[in-house]
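The structures considered in this document are given below.
Okay, so chain A shows up in both of these, paired with chain B first and chain C after.
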Partner chain A sequence: MTKFLSLLGDGLALGAVYALVALGFVVIYRATRVINFAQGGLVVFGAFLVYQGEHTWGLGFWVSVVFAMACCAAIGAAFEALVLRRMIGQPIFAIILITIGLFLLVEPVTTTVWHNPPGGIATPWKLHTVKLGDVRLLQVNIATVVLGAVVLGAFFLLFRYTRVGLAMRATAVDQEAALAQGISVRQIFALSWAIAGAVAVVGGMMLAGGAGPAPGLSVSLSLIALRAFPAIILGGLDSPGGAVIGGLVIGVAQVMTGGYVPAEVPALGAQFADVVPYVIMFLVLLVRPYGLFGTAEVERV
Partner chain B sequence: MPSGGASTPTLAVRNVEVVYGSAIHVLRGVSLEVQPGGIVALLGANGAGKTTLLRTVSGLLRFHRGSITKGSVEFQGDGIDSLDAAAIVRRGMAQVMEGRRIFAELSVDENLRAGAYSRRDRAGVKASSEQVLELFPVLAQRRRSTAGYLSGGEQQMLAMGRAMMAAPKLLVLDEPSLGLAPLIVQQIRDLIVEINRTGTDVLLVEQNATMALSIAHHGYVLENGLIAKDGPGPALLADSDIQEFYLGVGESGSRSFRDLKTYRRRKRWSA
Partner chain C sequence: MARANRGMVRSYADDLRLFPTWTKRGFLVVLAAVYLLLPLVLNEDVWPGGNGDLWANVLALAGITAIGAIGLNLLTGYTGQPSLGHAAFIGLGAFTAGYLGGGRLLGTPPHGYNLNLWVYLLVAMVLGGAVGFVIGLPALRLRGNYLVIVTLGLVYLALYLWQKWTTVTGGNAGTAMPPRASVFDIGGHRLDLLGKFDVFGQTMGPKQGLMYLAWGLVAVVALLVKNIVRTRPGRALQAVRDRDVAAEVVGVSLFRYKIGAFVISSAIAGLCGALYGLYLGYLTPDESSLGITLSITFLAIIVVGGIGTMYGPILGAVLVGALPKLIDQYATSLPLVSGIVVTDPSKSGLSKGALSTIIYALLIIIFLVFEPRGLAGIWRRIQAYFRSWPFRY
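And now, the complex of A and B:
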C-alpha cells in the first residue's frame, strides 16, 4: 500500500505535467485545427529559459518562471502571427510539418545557446521529501500537482467565465460566425498559442526540477512532453477537460507500470512503462477514435 | 446613386464588383442603398450573389478569399471596404448569417453575450439584453439551454437576438425565413418590423419575396451579379414579373427572369 501511494504521488505529478502540455495542444487545436508538434519544443525551451533567468542573470526562481512564461507566450503568438498565418488555406499536413520543423529546431538551438548546463533548475523544493504516514513523497511532485492545479484552474476560469474565454469557445465552434460578432479570430489564434507556450513552461520547469522520471535539464525533456500526445488522444483533441483527465490517467498508468511490471512481469522489461502511454492511445483509438471526451464530428473539419 | 433624400444613407453600395479567388466574378457592378429608418429587401434566385453582397458590406469577404475589385461601400457616410469584420460591427452593423449559425455548443445566454462582444459599456449591454429578452420571450425561457437543442425557429430568434445584442444601427439578415413553418415566418416578419420601428435599419435578403416585400420600403432584385430591378416594396409586390417569378402566379413563360430551370426550383422552394 505504501508503494502504491508513493507511486500514485509520482504518477499524479507526471500526469499534471502531461495535462499542462496536453492543454496546450488542445487549446491550439480548438482554435486553429492545427496539431502543434512543437509543443514539446516549447517545454524544453521554457525549462532552459528558466535556467537562463536563474543562473545567468541571477533572477529568483519565480521571477525566472514568469519571465520564461512571458517569453514562450510571445514565441507562440509570434510563430502563429508570422508563420502560420501565411499558411492559411494550405493543406493541413503542410502546417503540421512546419510545427515539426519548429520542434526539430529546438534541440540545436538550445544546445548552441546553453550547451549542456551542468546544474539543473534550482527549485525551492530541491529534492526534499515529506513523510505522510509511511509514505515518502518528493516535495517537487506535490508542488507539481498543486501548481498544475492552479494553472489549469486559472485556465478553466478564463475559459468559462470571461469575455475572452467566451470568444475562444465561440471561435472553436464557428470561426465565421465569431467574426460576425466582432470577435477578432486572429487575436484568438495568437492568444491560444500564447497560452500553450505559457503552460508548456510550467510543465518543462517542473520536469527539469525533478518531477516525474527526471532527466534533469536536457533536450530530452521534449520526448517526455511527446507522451502528452497519447493524453490528448485519450481525452479528445478538442476537450480541455479531457486533456487534464487524459494527462493524469497516462501519467499514473505509466508510473504504476514502471513500479510494478519489472518485478511482477519481468518478461516485459523495465522500459515497458515508457510504451504504456502509446498502448493506451491505441486501445482508445480502437474504441473511441475521437477520445473519451472529444466531439464526434471533430474529424469533419 | 443617391436617390432623392438629403440625408446620408445608412448603407451605400456603389458599383461594387466582387471576385472570389482571382477568377470567379460574382458581383458585376451592384449599387444599393439603405436609407435611415428603412427596411430594404434584396431578392434573387439561389446563386445570384445575395450572400456575397452581404459579405461585402460586413467585412466577411476576406474570410472567403473574396475581394472587392471595383466600387465602394459606405456606412453612415464613411468608406468601410477596407475595414475588417470586427471594426464594422463596432461601427454599428450586425448580421444574421444564412443558416442561423448560432454557437450550437454554447448556451443561449452565452450566444447572446457573444453578440455583445464588440461592446464595453456594461450598462448598455445590460439594457440591450433586457430588450432582446423582451422581444424574444422564448429566449428568456431558455437562457441556460444549449443553443443546439433549440428548434429551428428558436435558433433563428437566437441568431436575431444575438445580432441585436450589438445594438446595431443596421441589421443585415440573410434568409431568416429559410426552412421555417409559415407561422414562424410570420413571427419573424413581425419581429423585423418591430426591430425597425425601434430605430434599427434593416437590409433583408430573402427568397420569400411575399414576406420581404410586404414589409420593405424598397426592394432590389439581384440576378447574376447585377441589379435587374428595384423599386418601392409595394410596387415590386404588384410587379407582374416579380409575381410570376417569385410568387408563383401566372405562366412559366417568364419574360425578364429567364431560365425556366431556376424558375421551377424557385417555385418548389416557395411552396
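And now, the complex of A and C:
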C-alpha cells in the first residue's frame, strides 16, 4: 500500500506535467487545427531558460520562471506569425512537418548554448519530503500537482469567463463567423501559441526540478512531449478538459507499470512502462477513434 | 501531323508513355551510363588517394533512403496518408535480413538462417507488406493528425519489440548484419556483389557493390511505383488523397486502395530496411538508429524533393543523404560558421552534428514555406522558363 501511494504521488506529478503539455497541444489544435510537434522543444527550451536565469544570471527561481514563460510565449507567437501563417491552406502533414522542423532545431541549439549544465534547476522544494502516515512524498511532486492545478485553473477561468476566452472558443467553432463578429483571428492564433509556450515552461521546469521519474535537466525532456500525444488522443484532440484527464491517466498508468511490472511480470521488462502510453492509446482508438471527450467528425457517404 | 509530346497528347497510349520525348530518352541513357561508371570513379582501388569510398558510401545510403522515400511518397504523396511509422518497417526489414541472412548476435555463433541475398530481400518485402496490411486496417478509420500520432506510437512499440525480442535482434546489444560477402549467381556467373568483384576489369569493393545494388533497386522500385500511379489504381489513390468521401462516391473502394497503399509502401520500406541493415553493418534497436528521427528523415526527404512527384524522393534522398557527410567534410571551411564550429566533443560550442541538424531543420522549414513543391518544383519552373523562352510566360 505504501508503495502504491508513493507511486501514485509520482504518477500524479508526471500526469500533471503531461496535462500541461497536452493542454498546449489542445489550445493550438482548437485554434489553428495544427498539431504542434514542437511542444516538446518548448518544454526543453523553457527548462534551460529557467536554468539560465537562475544559475547564470542569479535571478532567483520565480523571476526565472516568469522570464522563461515570457520567452517561450514570445517564441511560440513569433513562430506562428512568421512561419505558420504562410502555411494556411497547405496539407496537414506539411504543417506538421514544419513544427517537426522547429522541434529538430531545439536540441542542437540547446546543446550548443548550454552544453552539459553541471546541475539541474534548484527549485524551492529541493528534494525534501513530507510524511503522510507511512508514505514519504517528494515535496516537488506535490508542488507540481498544485502548480499544474493552478495553471490549468487559470486557463479554464480565462477560457470560460473572459472576452478573450470567448473569442478563442468562437474561433475554434468557426473562423469566418468569428472574423465577422470582429474577432481578430490572427491574434487568437498567436495567443494560442503563446499560451502553449508558457504552460510548456511550467511542465519542463518541474520535470527538470525532479518531479516524477524524470531525467532531470537534459534535452531528452523533449521525449516527454511525445508521450503526451497519447494523452490528447485519450482525451480527444479538441477538449482541454480531456487533455487534463488524459494526462493524469497516462501519467499514473506509466508510473504504476514502471513500479509493478518489472517485479510482477518480468517478461515485459522495465521498458514496458515507456510504451504503456502508446498501448493505452491504441486500445482507446479501437473503441473511440475521436477520444473520450473529442468531437466526432461525422461524415456520411 | 504533330508528334505526340507533353503538350500534344492524342490518345490514352500517348498519355501512358514512360519516356515521351527524345530529351527524356537521352537523359535515361545518360543516367544508365552514370550508374555503370560512377562506382568506377568513386573507388579508391581504381583512383587511390581520393575520397572515393567515402562518397560511394554516401551515394549507397542515398540510394537506400531513396527506395524508402519512393515507398513513403506513394503513401503520403499520392494517397495522402501521412505516416511517421516508416522507421518501424525499416527496423522490420533490417532485422529480417539479419535473422535470415546469417547475421550474428554478440558472442554467439551465427543464428537464424544463412539465406541468399535475394531471398532475404524478398522475405523482408513480404513481411513488411503483411505488417503494413495489419497497420492499414485501423488506419482506415483515421486520417490526418490522428494517423500521424498513431504511426508515431507504432515506432515506439516497434522499438520496444526489438529490444525485448533478443533471440532475433540481440536486444540492446544489437545484431551484426549479414557479412557483406553475399555471393549469388546471375545465370551461372558467380558474382560477389557485396565482397570483391570486377567491373570492366576493375576491382570493386563492397561499398561500390552496395551502390550498384541500391541504385539498381531504386530503378526497379521507381518503375513499379510509376506504373502504379500512371494507371487506374494510381488515379484511384490520388482521388482518395484529394477527397476520400468523393472518391468513395464515384466508386473507389477506400478499403482496397488505402490498404493497398499501406501494403506496397510498407513492403518497399521492408526492402529499404534490409538494405539499410547491410549498409550499417551493425544495428542496435535504440532511439538514435530506429527512432522517430529516422521516420522524420523520410518525410523530410519527400518534402524537400517534391511531394507527389516521381523524381522528387530521389533528388531529396541525394540531397538529404549527402548533407551530413558534406557538413562533416566542409564544416570548418564554410563561411559564417567556420570560426565557431568545434571539433572536440567535450568542449562547449557548435558541434558538427549540431550544425548538421540545424541546417537540416532549417532546410525543412525553408522548403515548406518558400517552395512547397520541393526540388521537383524548382526543376519544373526551370523547364517552364526555357519552354516559353524568350517570353516570360
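The rule is short, and it goes like this: the second predicted complex is superposed on the first by the 297 of 301 C-alpha atoms of A that agree within 3 Å, B and C clash if a C-alpha of one lies under 4 Å from a C-alpha of the other, contacts with A are read in each partner's own complex, and residues count from 1 in each chain.
Here is the rule we use: a contact is a pair of C-beta atoms (placed from the backbone, for glycine too) under 8 Å apart; a residue touches a chain by one contact, two chains touch by 3 or more.
Computed from a prediction, not measured in an experiment: that's the story for all the values here.
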Quiz prompt | Between chain B and chain C, more extensive residue contact with chain A | solution = C
Quiz item: Touch check for A:V66: first (chain B), second (chain C), both, or neither?
Solution: neither
Quiz prompt | First (chain B), second (chain C), both or neither touched by A:L166 | solution = first
Exercise. Would you check which partner chain A:M281 touches, where first means chain B only, second means chain C only, and both and neither mean what they say?
Key: second
Practice problem: Go through the superposed model and pick first if A:I100 touches only chain B, second if only chain C, both, or neither. | Solution: second
Exercise. Look at A:L292 in the shared chain and tell me whether it touches chain B only, chain C only, both, or neither; answer first, second, both or neither.
Key: neither
Quiz item: First (chain B), second (chain C), both or neither: which does A:A180 touch?
Solution: first
Quiz item: Which chain B residues qualify as touching chain A in the complex?
Solution: 58-60, 63, 65, 84-86, 89-90, 94-95, 97, 101-106, 110, 113-115, 117-118, 162, 166
Quiz item: Which positions of chain C touch chain A when the two form their complex?
Solution: 76, 80, 82, 138, 141-142, 144-146, 148-150, 152-154, 156-157, 160, 163-164, 245, 248-249, 287, 292-293, 296, 299-300, 303, 307, 347-351, 353-355, 357-358, 360-362, 364-365, 368-369, 372
Self-check item: In the complex with chain C, residue positions of chain A that touch it
Solution: 29, 35, 83, 86-87, 90-94, 96-98, 100-102, 104-105, 107-109, 111-112, 114-116, 223, 226, 229-230, 232-233, 237, 268-269, 271-272, 274-275, 277-279, 281-282, 285-286, 289-290, 299, 301
Practice problem: Report the residues of chain A in contact with chain B in the complex, numbered from low to high. | Solution: 89, 163, 166-167, 169-170, 173-184
